[in-house]
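The following pair of complexes shares a single chain, chain A, combined with chain B in the former and chain C in the latter.
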Partner chain A sequence: MKTGISIFIAAFVALGASWCGLVLAPSLQLGGAKETVVLQSADHWPQQRTGDATLGLQVYRASGCAACHTEQIRQTGVATEVTVTGLGAHQPDDFGAFVKSLFILPTLVEYTNAIAASLQGWHGELPRTLLTSANQQVVSEMANRLKAIGVKSETRIVPQGDDIIARGWGYRQSVAADYLYDQPVQLGGLRAGPDLSNIGVRMPDANWQWQHLYAPKSVVKTSTMPSFKFLFEVRPVGHVPSPDALKLAADFAPGPGLEVVPKPEARQLAAYLLSLKANVPLYEAPFTPVTAVK
Partner chain B sequence: MNQTANKSDCSGELEASLRVPLLALFGGAVIWLVVGLVLGLIAAIKFHAPEFLSACPLLTYGRVAPAANDAVLYGFCLPAGLGVMLWIFARLSQRPLALPVVPVVAAHLWHLGVLVGLGGILAGESTGHLWLEFPRAAAVLIFAAFLLVALSAAATFGWRRERNLYPSHWFLFAALLWFPWIYSTANLLLVSHTLPRGVVQPVIGWWFANNLIFVWLALMGIGTAFYFLPKIAGRSLASSGYALFGFLTLIFFGTWCGIPQSAPVPAWLPAASALGALLSVIPLLALALVAKKTVSGANVACLGGPFCFIKFGVLSFVLSGVLYVSQFCPRYSLILDFTWFGFGVTQWQLLGFAGMILMGAIYEILPKVMGQPLPFPKLARWNFFFFAGGVLLFVIPLLIGGVEQGMQWHDARVPFADASAVALKFLRVSTTGQLLVLLGSLCLLLNVFVMTIQWKLGLVKSVLAYLTSPLAASEVKP
Partner chain C sequence: MSDENPSCPTPSGGEPTSTRSAAPMWIIVTTLVLLFLGGYYFDQHSGWFNPKVYAPYPNAEALGAYQPMSGDAAALARGKTVYESVCGICHGADGLGKPGQAPALAASELVITKGFNRLAHIPLAGLNGPIKVCGKDWSMAMAAMGAALPDDDLAAVLTYIRGAWGNKAGPVTGDDIKKIRAEIGKAPQVMTGDMMMKLPE
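Let's look at the complex of A and B:
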């Protein structure tokens, strides 16, 4: 490094390489992304938001909700599980004995404890999940054995990972397609509060959302979420109480003769929150919807 | 570099040429540091008392928190870093600063940009992209200001008297190229009318943030440390070979970090970052080695002086760097992502590494350019102890709390709220640390401001003296 020019060239090449790799290449690969199709369906994904929900994203951005909330579900892998849905001619006891007789199969040796545990204290309630494994062959072997004796079962694809299993925040991992219409994309980097990818499924009631935004502690006692009272208007009750007025507990209500109604920003924000759903299986993130079993 | 040459004739002229530009850059920077730390404290208090200042939309957590980060990074680290760079470039070139008016204008543009940016965030005009929250007007001002400072630095470099390059040159020169490139790319793509589709946005944001916080701060901070450490220790830099190796591996590998392992993007992107992060351990160790060999055995009593600041900064660079790259290891990221850990690492990089080195450099430079000692040398030492203790108290609980939080999320029996409650205990300690850091920064503010005021009073006095003094005999025409 004897001259300014050689430093310049080294820096130019180094930064240029990473620019090509992490800016240009992803833009080319993902910039033209289009809607995908929901697995085993003709529906497109993702859906455009309504006007209110689109505006609500801007309220979410301006309020900095992403400083505490992520919109991103992680997944460590997928497991397949086999669930018994009908015993056919069998009684629970003799079915249990049959399952135990399978334990000598070399493919199942690793799973005997888990299967035995899944039948512990079982008296024939259905559906019952018998076996979960990352190895699809093991599961289909089990399903075939069950079919051979006339027991009805279903195999389901179940994504794994703490966000999905331990926290119950989603059905599958988030994928690039989920964010196609977000301007700006609000992934977030810190989970001071729960992930919101599926808040529209978890809390589909706009009134709950308003109440929570106005006074988080009124619905979640231990909440550390700050209130967003400035998205609401406190005004005297008119001749007819406003239908949208929040139904607040006495501790949180503004006082007699007053009501709390959401400002347009709060309406839009709630519409946006209700639009947050990543609950359909995609080719790149398959899962079996729970409703199929029940 | 000729170590003895500073006493040469041009030295006085050199320092004088830097006086006004550096006061403009440092003065604003120190204010933003205090503003950022105060905003950070407000944000932290909200976790202990969620209703604290919650009625005011300007001060809601989601606005204060990014404003605090941006104030420290864009308000303090960048302009202070630019000031230090100008001084080092002039010193290494052994000539006065070229185009000295330009950085003065730039400093004002810069601080105006930060003001507009922070005001924008607090008013709800944030762009919503991490580390790029400043609205467009602010970004344009900051970008223009950087180019102006770079122009003056490049001219000083181009017209240098001492032709040999010194290791600091590589780092600082690269830093001058880095910022305009990454800042323009990120702003043109993300702060424009038509955003790229979907997850391309966060990918560009991560690339930018990594290049600014990991790479740019390293270029600026290590370039500065490699100038001052040997200078203060009174010897030469230990090994130029290792330094060059560290420099090249830093810019070739460090630039690839940044994409979180859990990102919802095509798998090759996080994989590239994981590899880049693994390889980035090499420059961290190489640069640490150079610094270690340079200072070990040096007989300098530091007692909270600039040497202490810079040594602490280099140590922070290595430790925070190792923690930073560890987040891109797929195994660890499963636990660490989305916890307080990442926030803690960033604060360590900003305050413990860049902040410490910059403050040490400011304490070293200011008395020289002003031609007078610090007004409160004791406070400068207190600054070190407050800041060093504060940073550790601020950051370490966040790191431990983050790991704890991540482990609890993994445990289905622990409800989310309980895991958060555990993290709150750690936050309590870390908020105390923030208070100490703020106290330290106030010492710096006092020193810089009293110095500025003394200088301004001196100017007024000399003008008055000139106006009121009787004409000198030599000027009286016979």
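Let's look at the complex of A and C:
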């Protein structure tokens, strides 16, 4: 073993270098992350979970949910759109022609014809999105021109990407701050089921979550999710039915005289799922909340 | 070190051989020092990693452009927009003015004054020369370009020209403009240079 010491040093250096790159450097860069502030608000983000929801994360982990579900929304781009919300003194019929004559600036010319064409056959329904573009300057130029002629409009930041637009899993991409109170972080790697980053906003009813966990096909016909019956107790109905008993369809109900009630684990898991929200704009992932457009 | 030349006749019984020659120590030391300094510099900047910037935003500047602005930043941005669409055509986007069209605003003694009463009168009432700006005589006419602007927009523009291009005068608010507009009245009279200089600063 004349080379033993050299092999030891080489292995130590190799492992040490990867530890520095994979553990030390990320921890120096992001380890000091703190709560951030929600854009245009004094609220902090993320919110600390309730006790039940904190325990629910461990149920989520133990049940292997992360094997099929992710908690990471991807975003491929960002667009800005300008929406007309009030025509002022203008009539819908002449508005299209007016738009066309208004935007003679070289930066807007290529957009103007398309907008005027899209306004044909429009009868003044509001709000009406005039222009969606990845070019922010063009959109703000448009908004300023509209303001100058007395037309009311709103400019919105709209994150782009299949996760956000086509699948409707969230409003913006996931960022590091979202996982501040997750221990351990349940990123997930396979999407056999939908992404759950925003499930607390998409399905905010605990009873729905319980039904779905007990018998997934009872609420989602095409679901391939396995049933998590062991999180529930099937018992004879007492003098008074439990208020938390699942309202199951006849095909999925256990039988006459029996009711299905969630065990504490099911309550915790549902509390955790309802705490999963990614619905606020942050500095690192800005967007305009949908509620702003009336 | 072999200094045998292959073209020379070799001594009998011997083939030309090559041996290793060590690189000079100073090259090795310099390389290591440079590598260390480079690595240290890279590390100091975290490899130019910014924890707030995610794809698809290419850098912090691009991300900043998407932040909804409020307060002073929004007023300044609004002022720049209005300036470039209303005033910049003659006064120039760089505030240096254009010969034969309009005097400079950057470092102009009419702009960087402590008060802004005279300055606000110019876009609200209009000005008919002659005036003196930065040592040059101007005898031009400016229409009341600001009379049609909302108070907030005109205030934003004045704030912008008083703070841009190295100017360091204070901000103007919409309420100030409202007051001055009321003073001038509904039918503004175009001022001459002398009339303007008689106004309180």
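Just so it is clear, the second predicted complex is superposed on the first by the 262 of 294 C-alpha atoms of A that agree within 3 Å, B and C clash if a C-alpha of one lies under 4 Å from a C-alpha of the other, contacts with A are read in each partner's own complex, and residues count from 1 in each chain.
The working rule: a contact is a pair of C-beta atoms (placed from the backbone, for glycine too) under 8 Å apart; a residue touches a chain by one contact, two chains touch by 3 or more.
All values reported here derive from a predicted model rather than from experimental measurement.
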{"item": "First, second, both or neither for A:V175, with chain B first and chain C second", "value": "both"}
{"item": "Which superposed partner A:G189 touches (first chain B, second chain C, both, neither)", "value": "first"}
{"item": "Touching partner for A:N279 - first (chain B), second (chain C), both, neither", "value": "neither"}
{"item": "Which superposed partner A:Q136 touches (first chain B, second chain C, both, neither)", "value": "second"}
{"item": "Which of chain B and chain C A:T50 touches, first, second, both or neither", "value": "neither"}
{"item": "Which of chain B and chain C A:Q29 touches, first, second, both or neither", "value": "both"}
{"item": "First (chain B), second (chain C), both or neither touched by A:T76", "value": "both"}
{"item": "Touched chain A residues, chain B compared with chain C", "value": "B"}
{"item": "Overlap of chain C and chain B interfaces on chain A (superposed complexes)", "value": "29-30, 33, 76, 173, 175-176"}
{"item": "Touching residues on chain A, where the partner in the complex is chain B", "value": "1-4, 7-8, 10-12, 14-15, 17-19, 21-23, 26-27, 29-33, 61-68, 70, 72, 74, 76, 162, 165-167, 173-194, 216, 220, 222-230"}
{"item": "Chain B to chain A touching residues, read off their complex", "value": "46-47, 50-51, 54-57, 60-63, 65-66, 124-130, 157-158, 165, 169-170, 173-174, 177-178, 181-182, 185, 189-190, 195-204, 206-207, 211, 244, 247-248, 251-252, 255-256, 258-260, 262-266, 269, 272, 334, 337-340, 342-343, 409-412, 416-417, 420-421, 424"}
{"item": "Chain C-touching residues of chain A, taken from the complex the two chains share", "value": "25, 28-30, 33, 39-40, 75-78, 80, 136, 140, 144, 157, 173, 175-176, 283-286, 288"}
{"item": "Chain A partner contacts - residues on chain C that touch it in the complex", "value": "46, 49, 51-57, 63, 65-68, 70, 81, 85"}
